[in-house]
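Once you've had a glance at the structure underneath, I'll fire off some questions.
First chain written, first letter: the chains are A, B, C and D, and each begins at residue 1.
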Amino acid sequence: MKVVYLSAVIDKELPISDIFPSLKGKIDTICKKPDTDEAVSAVDLIFLALPHRVSMEAAPKFLKAKRLVIDLSADYRLHHDVYKVWYGAEHKDKANLPKAVYGLPEIYHNAIKGAELVANPGCYPTSIILAIAPLLSEMVIDADYIIADSKSGVTGAGRRPDLSLSFGEVNENLKCYKVNEHQHKPEINKILSAIAGKGIDVVFTPHLIPMNRGILSTVYLKLKKRMDTKGAVKIYQDFYDGKPFVRIYVDGKLPQVRDVVRTNFCDIGIKVTGDTAIVVSCIDNLLKGAAGQAVQNMNIIAGFEETKGLV
Amino acid sequence: MKVVYLSAVIDKELPISDIFPSLKGKIDTICKKPDTDEAVSAVDLIFLALPHRVSMEAAPKFLKAKRLVIDLSADYRLHHDVYKVWYGAEHKDKANLPKAVYGLPEIYHNAIKGAELVANPGCYPTSIILAIAPLLSEMVIDADYIIADSKSGVTGAGRRPDLSLSFGEVNENLKCYKVNEHQHKPEINKILSAIAGKGIDVVFTPHLIPMNRGILSTVYLKLKKRMDTKGAVKIYQDFYDGKPFVRIYVDGKLPQVRDVVRTNFCDIGIKVTGDTAIVVSCIDNLLKGAAGQAVQNMNIIAGFEETKGLV
Amino acid sequence: MKVVYLSAVIDKELPISDIFPSLKGKIDTICKKPDTDEAVSAVDLIFLALPHRVSMEAAPKFLKAKRLVIDLSADYRLHHDVYKVWYGAEHKDKANLPKAVYGLPEIYHNAIKGAELVANPGCYPTSIILAIAPLLSEMVIDADYIIADSKSGVTGAGRRPDLSLSFGEVNENLKCYKVNEHQHKPEINKILSAIAGKGIDVVFTPHLIPMNRGILSTVYLKLKKRMDTKGAVKIYQDFYDGKPFVRIYVDGKLPQVRDVVRTNFCDIGIKVTGDTAIVVSCIDNLLKGAAGQAVQNMNIIAGFEETKGLV
Amino acid sequence: MKVVYLSAVIDKELPISDIFPSLKGKIDTICKKPDTDEAVSAVDLIFLALPHRVSMEAAPKFLKAKRLVIDLSADYRLHHDVYKVWYGAEHKDKANLPKAVYGLPEIYHNAIKGAELVANPGCYPTSIILAIAPLLSEMVIDADYIIADSKSGVTGAGRRPDLSLSFGEVNENLKCYKVNEHQHKPEINKILSAIAGKGIDVVFTPHLIPMNRGILSTVYLKLKKRMDTKGAVKIYQDFYDGKPFVRIYVDGKLPQVRDVVRTNFCDIGIKVTGDTAIVVSCIDNLLKGAAGQAVQNMNIIAGFEETKGLV
């Protein structure tokens, strides 16, 4: 396995280590200006980390040439009708859209295995779906009243000049944003609905936290069936048995962001109180929430060890 | 009005501005070692900012001498039975406990006016009760399923050596703690129950955020009666009409921590989505959540302008 | 004294408290689109907080109409030849430039008193000049080898979208920038040269610190005359005797940023070790380093108490 | 190579991953209570990360049994006379002290190779010595006036409850401390004196920065010989030629902390201005400044690839 092609929208071609000096002497691959044809001939598998709307223009060329595609944008995550509502544009690659497999390996491992096109999940959906799936699939919660209160570090919003992401605005501040209107909501609803076998509509509030990396989602689930923390934890342990990147906390212990930062783990803790299960999940938004999960998907597609290159 | 007595557990008496150099040249009052008798003779009104359990030993001496007491500890906030459960100690001043008025002026202004002893609220309860009271008193929400997801800066935990509060542990981290077991929970339940006229038991999850000051509480209320954001906002505007330190946001706008830091305001925004009202409140935990509210209570007791000395 | 005119480059006119909600209910003055004629007729004194190059186009209109001008840009701080070199543009108001008084009240109080036009100092120069002036004017240091190693919070760079100021780039990072090439260097050199009566060229390294507010400058001065810390402190105490906004630390104690944040103070500590005097000064870059000093200058010009409105 | 023994002063033995949950599933080795005899029989090489004064009691037992020792404390870095002055205690292992090799591989690679006992350098000395050594050994600077202005993240002070390291004190603050009195100063002076062949006494000011990891040292060197940036850079490139963990920046570019965090690199940039060379070096204080360098030393002693296990 080798990185044979690397490109970005830049003014002139230069080693990636000139952009990120921490890589100096370790990865000095030249970062080129984008040239899809060149890329198609160079690669067996491509990671597309393009903006929404742009990805669906590039992907078809790779797919046509039988290259495997792992797409980190939202372009292949939703039905085109839903996509249009949330991303404000007609879908331009309806032909390939049905082929896309949602790249959440803990749920769709088998489908990913044979996929040509993987839609790598969003960071919030990864943290929220993994926190809810076990109890939901057991049908022991009120599927009509699911609350996901998520807190994310700043890198979740990407790396770009933006006053609202500037240090002076974010530091010593805390806010929620796009309350129940975040573009990751339909993605969460879609997957949870598939698991439940009925339409699910979560209440989803994202918050911006003054830290670089990490998402902690606090999920409130109303239990239809009496159980204690131990019983709930057992359901999670069974559900994620054999999954290398999910760690379940026992005895009501709950994960912190620092437990997962710079790893590909999703750590989950559960605490039952009365008829409420409080489920807390943590991921690193740049790894399990993006690039790490993409590598995990590559490993599955390519038949590598699922944990290869990941910690 | 004048600060005539100032004390702390210190090794030797020195100007308060030696401890907090930012005060140099502005407030150089000598900070003494604690001497209750001296304090009793010196003051008309005392702010007790003592640890829980210690306050209830000091307060009676001031009350006996007809000094007004504003107590910032939890010692006079709960019935002694509940106190014992949550603070692990028998209450030592059951005589004065019934006299204590809960110092949340937006709810108990009249009672505070004539009080001898004010139990200044905790920071989380201030932010949560003010967010819930209007819809709860209108009886339009399901009082049996109230979720309060609160996020606090670090100063909420006090100023003391503690590994879990050290920079290296808090920075670039995020965690919840004492999930549904925080000692502020009975205080929230007590006041909300009084407002509702029935027993209320909130689900309360506090989170520790890497910032110095501020609390943002995201409260999820299930509406029993259909209403839109505008209708909900109207209920809050009416409820807090004439209250100088509550600002209601309109049109679904929601406050951020920076809007209230270094002020005594509690800012509240409401967004209705389906049958859920998401209410977001922000305070500065050191002001409206502690010292600022104590001054507000003093102003009310003493017949000063309620906003005197506060911004 | 009253704020009668307030403008900014904005899309539509709205209360300043809509832009900064923390001001809601306190300052709801309408923020207008800029109209110099309207401003000229409305005000007696104007604070110009415009970008460099823009200020020198606006100021003449106010001066012509006999309005007092306090300019927070760099446009009136340097001789036009030096200005051209450092700001890359021909000066457009050479007529008024000689009238400008450098608004560092601890040095130029008398001149400011009668000024029509005050060039409010930069934040770095304020912290550095005040740290050096006493020993320099006593002629006891080697004026040819002055090192100023300054550390600034992020707001020193202004409030604007800029990748290099984004949270993800600044947080958990530390860097120097524009090493010995910062545009504040000629301003420092000019004032120090005037004090010394000879040409001074400091070595000046600014650093960007992951915090919102504050500058700490560590200045290294080589003593030509033997003295101890006490003797050096005495020189500072004498030099700043009667100056309300400079606080000198004694016994080798040194100030921290937190001692001055949200105040207009410049705190200075001195420690002599061998033949080196290490001088540490702290200011809040937004107050003593900008707006606070501007108000201080207004107070002096207008004959108000120098500390009016400042803490 | 295998971790066979792991101990700490703890209440009960438990997996290291219970203390640092991020290690769960990766390193679950039991962390034992300290037992030197057990350790001696278990290991070939030991890393002692003990407090100063404690290390010199443990080390002799390992040395006697012919175990290799890499000591991360200061106990074997200084002559016992100097040690007594700076660490306030008589040295208890004068017998082994002369055997200790200072573990800065870029300077003492050959001596480390055959060492039984390595004194792993302090974090500040690593960053400062590497920044000065090339120009100093070329004899082109004034060795009598070296200024090192260092800025460190908080983890440099260790992991312990301490009010001055608490989030509320460090965040939004900046201070210098132990100015020219830091216990790392004699270590810097000792090594630089050895390089220069004459007594060196640096002026050293450490600063505490609100970030977790990283040290940036800004060093001011007065040139005795005219040279430009390019010439100075060449001296550094030659000096560190073949050293895998030093990266020299060219063209006056200077490193930032983010370039080295979570790596074992020391990045160095040089800018000459007039007769001053400003040298900026960055390290991660927990890696090149401590544990990483210890591993590097192990690799050298054990004959492994110098970069093994390090990035």
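In this text, a contact is a pair of C-beta atoms (placed from the backbone, for glycine too) under 8 Å apart; a residue touches a chain by one contact, two chains touch by 3 or more.
These numbers were taken from a predicted model, which means no experiment stands behind them.
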Neighbouring chains common to subunit C and subunit D, by label: A, B
Of B-D and B-C, pair with higher C-beta contact tally: B-D
Chain located farthest away, centre of subunit B as origin (C-alpha): D
Subunit B-subunit D separation of Cα centroids, rounded to whole Å: 46
Chain centre separation (subunit B, subunit C; CA means) in Å: 39
Subunit B, residues touching no fewer than two other chains: 169, 171-172, 210-212, 256, 258, 261
Interfacial residue positions of subunit A with respect to subunit B in the complex: 145, 147, 149, 151, 153, 169, 171-176, 179-180, 201, 203, 205, 207, 209-214, 216, 218, 220, 222, 252, 254-258, 261, 271, 273-274, 276, 278, 280
Partner subunit A, residues of subunit D touching it in the complex: 21-22, 24-26, 171-172, 244, 247, 249, 255-256, 258-263, 265, 267, 311
Contact footprint of subunit B on subunit D as seen in their complex: 154-155, 159-163, 165-172, 210-212
